[in-house]
Structures are given as structure tokens and as C-alpha cells.
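Naming follows writing order (A, B, C and D), and every chain is counted from residue 1.
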Amino acid sequence: MTETLSKQQYLDFYYYMRMTRSLEERLTILFRQNKVIGGLYRSLGQEATAVGSAFALRDGDFISPLIRDMGAMLVKGVKPQELFKQYMAKDGEGTSHGRDLNIHIADMKRGYVGPISQLGDMVPVMAGIALAGKMQGKNIVTMVYLGDGASSTGAFHEGVNFAAVLKLPMITIIENNGYAFSTPTENQCLVKDFAVKAKGYGIPGEIVDGNDVIAVYQATCRAVDRARAGEGASIIEAKTFRMLGHAQHDNQSYVPKEVLDVWHEKDPIKNYQEFLKNNNLADDASLKEMDEKILAYLEEEADIADRAPFPQPESSLEGVYF
Amino acid sequence: MTETLSKQQYLDFYYYMRMTRSLEERLTILFRQNKVIGGLYRSLGQEATAVGSAFALRDGDFISPLIRDMGAMLVKGVKPQELFKQYMAKDGEGTSHGRDLNIHIADMKRGYVGPISQLGDMVPVMAGIALAGKMQGKNIVTMVYLGDGASSTGAFHEGVNFAAVLKLPMITIIENNGYAFSTPTENQCLVKDFAVKAKGYGIPGEIVDGNDVIAVYQATCRAVDRARAGEGASIIEAKTFRMLGHAQHDNQSYVPKEVLDVWHEKDPIKNYQEFLKNNNLADDASLKEMDEKILAYLEEEADIADRAPFPQPESSLEGVYF
Amino acid sequence: MAVVTYLEAIRQALSEEMQRDENVFLLGEDIGVYGGAFKVTEGLYEKFGSQRVIDTPISESAIVGAACGAAMMGMRPVAEIQFIDFISCAFDQLTNYAAKSRYRQGIGIPIVVRGPCGGGGRGGPFHSQNVESFFLNTPGLKMVEPATAYDAKGLLKAAIRDEDPVLYFEHKFLYRRIKEDIPDDDYIVPIGKAKVRREGRDISVITYGAMVHVALEAAEKLQHEGIDLEVVDLRSLLPYDKEAILNSVVKTSKVILLHEATRIGGYAGELAAVIAEEVFDCLDGPIVRVTAPDTPVPYSPPLEDFFLPNAEKLMKAARQLAAY
Amino acid sequence: MAVVTYLEAIRQALSEEMQRDENVFLLGEDIGVYGGAFKVTEGLYEKFGSQRVIDTPISESAIVGAACGAAMMGMRPVAEIQFIDFISCAFDQLTNYAAKSRYRQGIGIPIVVRGPCGGGGRGGPFHSQNVESFFLNTPGLKMVEPATAYDAKGLLKAAIRDEDPVLYFEHKFLYRRIKEDIPDDDYIVPIGKAKVRREGRDISVITYGAMVHVALEAAEKLQHEGIDLEVVDLRSLLPYDKEAILNSVVKTSKVILLHEATRIGGYAGELAAVIAEEVFDCLDGPIVRVTAPDTPVPYSPPLEDFFLPNAEKLMKAARQLAAY
């Protein structure tokens, strides 16, 4: 896959990062209005990782996102109204029909698989999808996202090793965002660079600035190229930071303000705006126009979700078995 | 811990390696006589790893052996008759009273913990013992043995990482013996050197010639010293080879003869005999004397086990709860 | 005496036991600095320090396995599972290591594994489960589930002092919804003893956890219809109080087994079996189960409300059984 | 028709299904080159190659998880667990991923997870378990356990063609001990259908797996005492054939639930509940359970023999119930 980007692609990166952030901001409002059911998880500050990596994939490839990867789902084609409905526990095409929460939705056609909450479990599952793709002679790639914390799970280990040994086209993106809930990374694992874990599986591991959408895109392209060339699995560690609490209810008072300040300067969207302007890919006016278009679009989508019905109680009995 | 060895220590290494092998050979005879109940697992060719490593420990330290580590249990003080009784499903002090099989016996006083069959599970358990020792201000070390195959399990990963993060005095010995049952190491994990896995946990990993009892002893001493000094967990990879099938019923026809030939030359006992003789620590006569003493001792012990009763049927109902 | 919530009662038990016995310590995810996802352990890190309130990596097998190891050394670990649904990740360590250690190697494993269970919180399929049946067929384990603040404290203390592995299920719907006056000082609620929460003549409702309150609500309402429910709160699920169960059934001759978990393979099966085996003679009607239907726990409010057993469903079953 | 063992019948089913449908493939530990710890898959690696008979690392979670992923893509994976006891290491993937996928995301998981269960082989606590109860409270899973060679083949074929995750328990004591004439050609035994193995008037014995043979042995012997047992072989444990169970109980009015697993929380609980709920009227005596006692499976022959249910124990229970 070529790593040279067209103007449109540069703008698309921006569009999806901005869409992610605005969508989550809209969700925050809905949350305050008690319209979001259950918890609300934000990916503020991490949008570049989700968006940049997903752009390295093509149709037929699969991702398994986690709570910080709404951006990847958007790139893969999920509609904002579907996410709104999901978060509002509403019914409708493309939702889980009120059965599962937040981003736990799947569409095998669009190429995203709904995670379960048990962290790490999607790694073996995505290895299995990669295995099937290989057996079926499809040249597809699977990508599984998880956090620094989730890499402590047994499922992560078993899944990555399985993919490595069977030379499966699976990329594991470890989003090292400094914390797992309240637990700082150094209490999760002694390594500073999670990419080093790749060595234990005999596969390539690469570190990337998770706040730099282009760098993420390029690193993922390299991993995707290897995977498609039959060279097997790899790990990418995206270094980033969780700029809000674990969920809406967590004010993350345990995070030192200085650290937040440093990362505030690294905001992936703000910096990318500068990049676009410096490279004459956009100017303040065009960015503003894009932002407004996104907001207007999200407003419509949120409205649709707001008007969507809750699922029928009895519907909950169906579909446990074929 | 000093790494200079007394003559007695050199001879002890020999004694326990020879004891391990002879004991297992005696068990093989019992197996053919249908006196061993269930499977019989041998550590032929791997005796140096079990014995050398266990010698690096002291009273109060704990090991958790696997099927190839009978030698470590002997060093820790298990009596051959206890092992014979175990394998013959007999009752008696120091056995599991017919409840569990082969080396699945524990003695917290002598410092060995009976493994369960689920591979990898002992890693977290031994981390917990190390944690307790630390909390209680005892300066103890725990050592958990497992094979190349068992390192693929989630429990291994979770346990090693847990011990690493909490800086626990736990040493994980990976016995890389070329196979996991019928599965060659390269189908278990892509890495050639399992010690490299330590990097993924941010702890030291060392490779040692598992057929060289002194090298194993010394490497383990280094890890033990680090552990006792509060420097935390580490991994040792002992490179060795399983010279018989997975168990008595497996003729390991899947292992290339050339490979076995190569390793035959590396027999830990034969080579150590040469070492002892070359260094004037023993001669043919003294070795023969030791061997015969061991055989005579084992004969007595096997006889005791043979005469020992089976457990009473009703006894099986007791002791599920306190 | 002071009025405390179910959640505070749990915290009190932890704190008092840690005070009483220096071998008691806590481990789990986010239980230290943060005080736990539900703030159950809030303040304990400050009080007892990082050596006794240990924030662990996300690894339930390691948490439970390490607790086992520490227990073998004489410690009294209390492990938190952030949501009890994640206990499935430690299923192997619990059923194979913890449960069988005393039997097969003569070494007891006095650990407590506790965590929030149950629905009603819009938590969806992975934050709402009731897992007691997963463990019911494993000799060597114990299980308790308190329904009141008093029991929450007393059972947890009993669990911590118990010589065997105890799974302690705390129903998250009750955390802050119920409170009562409980003694400030030390007391235990013995494991294995049920409690008759309400005497009644017509039908025994045998239940536990959040459903105790559902049963009491239904009983209150049915009173006016002339149906007198007896409500037996099991409190301990393994071992269970056979005597109390059978006594109640012998007295009323009719029984409803009520639980929040789904139907097939749910806890009620064991109760039905022991009742139909031991006091068959005394039964004046079928043994009735009121449970959730056989689906995962759905998330959306109308679905979850439809899914969960409630007073109305119980009343309907009771009316039918009374008329039998 | 040819006389084949239970084990060969399983192998036939695998081979024929792989032949029939190129989406069927096998994965597990040592199933390829070695042909499996019990040689169930012997010859299949040679026949179908390393792409369809995959030797995996020792990682049950990965095996089951990867099977799920492959199934989502239209494949039909059959995963072997070397001893069913190790399924506890995949408990989470099975109960949370496989079981709930269709419900929560509309994607079916047509996998089969098979492995040797049961005692009698001096395997001790970790190579002898019966694990069906672990999974009985998880909607979304199916479970079968054949008792005959005919059913071993037919049920496995049905499991492979099923659209949902099926746990297939093969009793290792039966592997080479029973054989029978079975059709060479294609047939299935539908999931969810029990089979009356022996008609009888006095007592229904409801059972499955190796215990079917115990029940038949006891029935033969009791015949001479004038006690006529009906033996119902469940074959499918989830879903189970409620109609067949209830029909038999209605006919005989007395029932013994027999299984090899331990008592508390065992499968019999579910059966007792459904019987006591739905055909209470027809019962002429207590519902009796004959099971293993509540301990881990002990290893030593005298202990294991004492532990396992057998014809004598069943006969004793049947005599008592007959006299009731």
C-alpha cells in the first residue's frame, strides 16, 4: 500500500478525527440529559490512533475496536446515528437492538466486530477471523485494538502467540494511554515500551506517536503490507494519553495536572490543523466549514436517534439460538 | 549466595541426578508390572535442570515442579517411597492419600507445592507465595517450573507479569525441551530463545544449558540473589531435550532420530561423570559405589511402597472442606 | 449502631477485619488509590497502605491465583473482581486450584473473592450477570450472597475468617439502595445459615440477594389478597441451609424458588431437587420457579425490565400456586 | 454397516464432515501429526493436510476464541480440548463470546468444542471431570453427550451442522469399550432428542453418557427382582428433550436422575426442577438423585470406584423407590 497521500486523504483524516470528537461531545450532552444509558467513555486525545490506523485498512478487512476506538468504526462506515442509538439504548438497523451497549455492535459487511467487555478476549477472535480469511484465500487483514491494561490479560497473550505461530495477518494495536482506569501504566507492566512485547512472540513490534495521525497511518500501512504479504502478525504500540477519566463518572483526580498539561500540547486535532494549514491543505475557513458541516450532520443524526423507538420488551426473548 | 562449590556439593549434584534417573527407571519397571496407576512421565535427559536449579534454593524457599522436575523435589527432600506410593496410588504420610497423581503432592514445610494439571496455573500461585513471603518479611524465593509449551498459556503471562510488577522474588524456569507433547517448539512459539519473553515483562531473562548442572545451578543462583536482594522476578530458559516420549505410552516417533542422537551426546549425567572424573572429584569406583547405594536405597523404598496399603474407600469423602 | 448502606457495611467489614488481623489484605483492580470501581474500598488504601491494598494489573487469573498462594502462607487475601462477570476469567483457578487444594494436597485456601453481581443497572450482558450456578457443581468452594446491610457485614467477616475459599457476591443494585442500623462492633453471620425474613403460612418463597426484597414486596401486596408468603433468604448458597429450606416447605407445603439468574441450570434446580427428594410427601403442589428467561442480560431499559424477575411476576406465580 | 467403536464413530463423523464441507476444519493440541492424545483424529492430518487439521499452541482460550472468529467467517471449526477438564481455561470465551454473539450482535457462532470427559480411567481430579453443569446456566450454548457409537457419530454430525456453539462431550471410558454396527453413510442424530433405551413400567431412570450403560445393567438385574426400569438417554443436555422426559415420568410415576458428575449443582437439579414443576401431579414418589458424592474425582482405584455411581448404587436407590 502506498504511503503517499492525496489531498483528499489528508482531509479525510481530519474529517474523521473531528467527527469522533464532536460525536463524543454530542454524546456528553446527551449523557447530561440522561439520554445516554449507562456509562459514557471518551477517546478525547486519542482520536488520531483510531482514525489513522483504520485508514490503513481496506474493504474486507476487519477491526475490533475498544471503547477508545469510535474513530476507527467511523472510518469503517458506522453511521453516527447508529452510535447515538446504541448509547441511548434504542432500536434500529445497525444497532444491537438494545441488547448490548456503547460500541458493542458488529457488521461483518462493513468490517467491524463488536467487542465483549472482557478485555483481551477479542485477540483470539480476531486471530480466528484472520485464520479463516487465509483459509478462504482472501487476502484480508484483521486489526485488534486494546489498551495498555488489557495487554496484561491471558487472552491477549494466547491470542497474539496463536496469530504469530500460525503467521496470521493480524495487527494488534496497543493503545498506551498512560492509564488503565485508575492504574498507571507502571503498575500494569514494568516495560516502558509495550512494543517490546512483540519480541516475546517473535514478531515485529513498532512504536508510533499515537497522537500523530499520519505517523499512525504509516506505521499501520507497514504492518498491513507485511500481513498481506504473508509475513504474519505484528504489534503496534501507539503512545497517547487519555485526556478524560476512564468514563464520564471518573474525574481522574489521580492524574497529575502537569502530565495533562504536557499532553494537552500534543492534542492530535489541534496539531493536525496546524499541519494542514502549514501544508496548504486547509485554512481556517475551510476547517471551520468542515467542522460546521460535521456538527450539523451530527445534530441530524442525534435527532434521528432521539426519535428512534426503544426496542419492544418481548423482542429480548428472540435470537439466543438460530 | 556463593557460587563456589565444595566437593560434597559437586557430589550431591551427581547423587540427585542419578537418583532421579534411577527412580524413574524403577518406576518404569513398576509401570510394566502394572503397578503404576495411570500415566508415567519421565525426565530422562533433563535431570540437570531440575537438580541444579533446586540446589540454588534454601530452606523456606518454595518450588512448584512439573512432570519433568522430580529431581527438584528430591533435592527439596521428598522421599522416594513417597513418590513410589504416589505413582502406585497408595496411601501414606507425604502422599496425596491416593487422591491426586504422580508428583501432585505438596509439603509446605519441605517447600514444594503440588501442581495441578492445568498448565501455567502454578505461576500465579507461586507469585502469591512470593507475595506473602514479602509481606511477612521472610526473605524467601519461589521457583516455578514449566515447559516451552506451558509458556503459551494465559496463566503464565498473567502470573509472570503480576510477579514482575509487584517485584516479587519469583523465578520462572522455562524448560525448553524441544517439544510439548508432540508439538515441536516452533509450532508453540516463534521465538528460538524463550528467555527473550522476559523483555516483555521488563525483567531479566537468562539462557542456560539445561544439561549442565553446574551452569543451571549458577544461573539460578544469580536469579536467586537478585530475588533475595529485592530486585524482583526473572526468567531462566533451560535448553534441554526430552529424551523419551511425552509419557510412557508415547514412543515419540515424531522426533527425528538425528536430533535424539545429538542430544544423546549431551546426556547430563554421562557428561557430568566425565567432569567429576576429570576434576578428581570422583572415579569409576566411587561413582559405581554411589550408583549402587542409590539402587539399593530405591529398592527398599519401592518395596515399602509396594507393601503400603491403598487408601480406604470411605476416606475419599473427607477433607473437601475444613 | 448506625445506619449504613449495604456498600458501607461491606467496607466496614473489610476495614474491621484488616484491623483485627494483619494477615488480611486486599488485591484487585483499581481498589487502592481509586477506591474501587464502586468505591467499596474507598479510604482503605489511605488507612492500611499500598502493601495491604494492592492495585493489580488486569489479570483475574493472576489475582485469584496469587490470592491462593498467599493464603497457603497463612495470609487472608480478599480479592475484588471489578464486575463479577469477569470472574469467568478466573474460573479455572477457582474451580481447579482453589477448590481442590485442601482435598488433594491438604492445604486449605482461605481466600475471599468478592465482586458486584446482578442486574438492574443497565449494565448489559457483561456487567449484570449472576454467576452462582457456574460454581455450584464444584465441591470445595463456598458461596454467599447477602441481601441486607447487616448480612453484608456479617457474612463478609465470616467469609474472611473461613478456612475455605468463599465467593462473596454483592448485588450492585443494593449497594446504595438499602440501608439499616447495624452494630458498630464485631459480629458474624455464619455461613450456611438461612434466615426467614417473613413468616407466612401459604407458600414458601426461597430466594437470595436482591430478590429477597422483591419477595418481601410481593408478600406485602399479596397479604391483601389473603395469600401469606413465607420468605426464606438463603444468604449462603454453598453450603445451603437444607434444614431451614425443608422446614419452611414442610410448614407451607408449597414452594416458589425465586432467583434473578436465568432459568435453565439456575440455582433453583438444586433446591428443587433437594426438596423433591427429601420432603416430597409434604408438597401440596408443583415446585415453581420464578427466574429470568433464558437470554443474556439485555441492556436497554424496557428489555432489562422485562428480563428481570419482579414482584408482579412473583405475585402471578404465587396466585396460581395458591389456587392449586 | 460396520462394527466400530465409539471412538471410531467420532473419527468417522469428523472425516465425513470434512469431506462433505470444505469449511469444516479441526484445531487443537497434538491433533495433527500425533492424531490426538486419544488418537481420535488419527489419520485426518494425512488425509486433509495441515491447513485443515491444525496443531495449536497450548492455549485453550485462543483455540476457542479463534474458532469463534473463524466461524464468524463461515467456517465450521471443530476444536478439541485435550481433556475436557481444560475447558475451564476457555470458560470465559465460551460463556461470554461464543454463547452471546448471536444474541447481542446477530452473528452466529457455529463451532463445536469437543473433548474427552468422565472418570473410570484413574485420571485423578484433573483428567476425569464432567463439566456439563458449568455451562448449563449459559443461554446460547448447546451441549450433547453420546452414549453409543451410533449417537457419537450422528450427534457430532448434527453438532457440526448446527448454527450455534455446541459442546460435545465424549466419555473417554466408552472410547474403546463399546462398539456397534453403524451405518457407513450419512445420518444425523438431531440435537434435542432423547432416546428411550429401554422401556419399563416402574421407574424412569433419566441419564446420559457412560451412565446409560450403568442404568441398562441395573435394569437387566432388577428385572429379576420384578422392578422394571425405563432408561431414558438424554443425548442432548442443552437443549434437553423435555417432552421425552415428562412422557416417561408420566408413564412410570417415579423417577431417578442418574449422573456421574457430583451431586450439588449437578445436572439432575435442572431435571428435578422441570419434573417437579410440570408433572408434579403424576409423581408417586420422591425424585431421587444418584450421583457421585461431592468431592473432586479421586485417583486411586478404591477411591475412584467408591466415588463413581454404578449399577449397584442405582439398584439400591431403585429398590427403595420401588418400595415407596
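Operating definition for what follows: a residue touches a chain if its C-beta (ideal position, glycine included) is under 8 Å from a C-beta of that chain, and two chains touch if they have at least 3 such contacts.
Not measured: the values here are computed from a predicted model.
**Student:** Under the document's definition of touching, what chains do chain A and chain B have as common neighbours?
**Tutor:** Expected: C, D.
**Student:** By CA centroid distance, what chain is farthest from chain A?
**Tutor:** The most distant chain relative to chain A turns out to be B.
**Student:** Report the inter-chain centroid distance for chain B and chain D in whole angstrom, where each centroid is the mean of the CA atoms.
**Tutor:** Chain centres of chain B and chain D, defined by C-alpha means, are spaced 36 Å apart.
**Student:** Round to the nearest whole Å and give the separation of the Cα centres of chain C and chain D.
**Tutor:** 30
**Student:** Between chain B and chain C, what is the gap in Å from one C-alpha centre to the other?
**Tutor:** Taking the average C-alpha coordinate of chain B and of chain C, the gap between them is 41 Å.
**Student:** Can you tell me which residues of chain B touch two or more of the remaining chains?
**Tutor:** Within chain B, residues 96, 99-100, 104, 116-118, 152-155, 157-158, 161, 165, 187-189, 320 contact more than one other chain.
**Student:** Residues of chain D that touch two or more other chains: which are they?
**Tutor:** Correct list: 57, 59, 61-62, 85, 88-89, 92, 96, 100, 103-104, 124-126, 139-140, 294-296.
**Student:** Show which residues of chain C lie in contact with chain A when the two form their complex.
**Tutor:** Contacts found on chain C: 29-30, 33-34, 37, 55, 57-59, 61-62, 83, 85-86, 88-89, 121-127, 293-296, 298-303, 305-307.
**Student:** In their shared complex, at which residues does chain C touch chain D?
**Tutor:** 85, 88-89, 91-92, 95-96, 99-100, 103-104, 124-126, 133-140, 238, 257, 261-262, 264-266, 268-273, 275-278, 280-281, 283, 285-289, 294-296
**Student:** State the interface residues of chain A toward chain B in the complex, per the touch definition above.
**Tutor:** Residue list for chain A touching chain B: 152-158, 161, 164-165, 187-192, 196-197, 199-203.
**Student:** Give the list of chain A residues in touch with chain D in this complex.
**Tutor:** Against chain D, chain A makes touches at 96, 99-100, 104-106, 108, 113-114, 116-118, 121, 123-133, 135-136, 142, 154-155, 157-159, 161-162, 165-166, 319-322.
**Student:** For chain B, which residues are in contact with chain D within the complex?
**Tutor:** Residues 37-38, 89-91, 96-101, 104, 116-120, 149-150, 152-155, 180-183, 187-189, 254, 310-317, 320 of chain B touch chain D in their complex.
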